[in-house]
Amino acid sequence: MPFLSAQSPPAMTPQHEWVLDSPVQLRSLRASLHEAITGQPLPAGAELDEIPEKVVLVATELATNALRHGLPPTIVRLGRHDNVFVLDVADHSPDVVPRYADDRPPGAGGLGLHLAKQFALDLGWYIEDDTKHVWAEFPVPS
Amino acid sequence: MPFLSAQSPPAMTPQHEWVLDSPVQLRSLRASLHEAITGQPLPAGAELDEIPEKVVLVATELATNALRHGLPPTIVRLGRHDNVFVLDVADHSPDVVPRYADDRPPGAGGLGLHLAKQFALDLGWYIEDDTKHVWAEFPVPS
Amino acid sequence: MTQPSYQIVREAAVVRLSGDFDINARDEMRAALLEAVRSAPAEVVVDFAGAAFLDSEAMGALIEGLNAGREAGVPLRIVNARGIVHRVLDVSGVLELFNG
Amino acid sequence: MTQPSYQIVREAAVVRLSGDFDINARDEMRAALLEAVRSAPAEVVVDFAGAAFLDSEAMGALIEGLNAGREAGVPLRIVNARGIVHRVLDVSGVLELFNG
């Protein structure tokens, strides 16, 4: 699966937004994302605890990609649409596209998007003006 | 808590019985107990998986005590009363009683009954003729 | 706790346990731990990854190993204890004796 | 697997990790692993007990450590990976690369 499908954006109203210029901000992004998600009115339960961790991991992967392969600033948005959390990570390099690494030897990178794909319900990207968005969806347990 | 309370036996009809003469039989006791419990018609669920493990641990502790501190044969019985599993371990030394070890230095033993107490819903013992019974109860999750 | 940190312990000894640990295993388990302690490592790592069962008798051997380590100035650490083995070590306070 | 068995590995090196491991930790993490490998131990135990987060970049450093170990004939093992750290290692197949 070399290419992520270029899908239309999931409808959502962003509720939180973070702007990053450097990887050192990833740590506080995680703390703040985790707080934003667990602060939501959600049903209690063990399975639920995994969702914030998955969102935090995928956000780290996509924001790291945006910082490494795109142009700053990197804008991370979190929103919710019905029973789905939508994470959207934007950078300003519309000409370079995210693609699943296929044949890299172990240690040569290329694990990030594969991991994101495994932890998210759905993963895609789209271009809007001069901005590239990579987005991921997660279930809100009901 | 130096003494286990000498309580009257919980009403139960034993459904399984194992006779042990030696600690080498503990391993097959565990396998067979585990099978007896998981073979019961029980509701599925994560919490449930802990019950067989707890029964298996407490059975090992009580049977080891019977083999070490009592006279053979050691008889292990498993029964069910409403929503409770009853484990009964009998030996033939009615004169020596189980008691919680209180002030042994680490490494000098005396952890077994404390552990059994923590893993069982309830723990007690009684004498019947020339036989001492130590029993433990466990919840059957509903 | 979020800032990453690294500690390298050289010349450790690893005791890798597999199987069921009850009274039948007690003497051999003690012997393995004492052998590891006697080799005078910087620390002994007791790896329970393959252990499926642990009772109070086997914990007795573990504590004897710990005591021998204390006398010899060799710390022992427990790793990879899972499921019922982890609960038994935790509930009895033994995990704390080791890794505390 | 129920019959108890014991394996003692002498002169192991333990790399104990704590904190969050992402791209910011990558270089230091690689350096720690390479240092442990270079000390020519019988094996390297990478202990994740204190690690709360691990991403693909940090896994990159782990795999570089593994590759260096393979060249030097030093096996690396991962212990105490839990929660999201365990899932990330498992789902990506890295756990298998190490302990397989």
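In order of appearance the chains are A, B, C and D, and numbering begins at 1 in each one.
Heads up, the rule we're going with is that a residue touches a chain if its C-beta (ideal position, glycine included) is under 8 Å from a C-beta of that chain, and two chains touch if they have at least 3 such contacts.
Just so we're on the same page, UniProt names per chain: A, B = Histidine kinase/HSP90-like ATPase domain-containing protein; C, D = Anti-sigma factor antagonist.
Because the structure is predicted, anything quoted here is derived from the model rather than measured.
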Two chains joined by the most C-beta pairs in contact, as defined above: C-D
Far-end chain from chain B, centres as C-alpha averages: A
Chain centre separation in whole Å, for chain D relative to chain C (CA means): 19
Whole-Å gap separating chain A and chain B, where each centre is the average of the chain's CA atoms: 51
Interchain centroid distance [CA atoms averaged], chain A/chain D, Å: 26
Separation of mean Cα positions, chain D and chain B [Å, integer]: 41
Junction residues of chain D - those touching two or more other chains: 2, 20, 24, 53
Where chain A touches two or more other chains, by residue: 27
Partner chain A, residues of chain D touching it in the complex: 20, 22-24, 53, 55-57, 59-60, 63-64, 66-67, 83-84, 88, 91-92, 97
Interface residues, chain A side, partner chain D - complex: 23-24, 26-27, 30, 50, 53-54, 56-57, 60-61, 64, 68, 106-109, 111-112, 114-115, 118-119
Contact footprint of chain D on chain C as seen in their complex: 1-21, 24-25, 28-29, 32, 35-36, 39, 41, 43, 45, 47, 49-50, 52-53, 79-80, 99
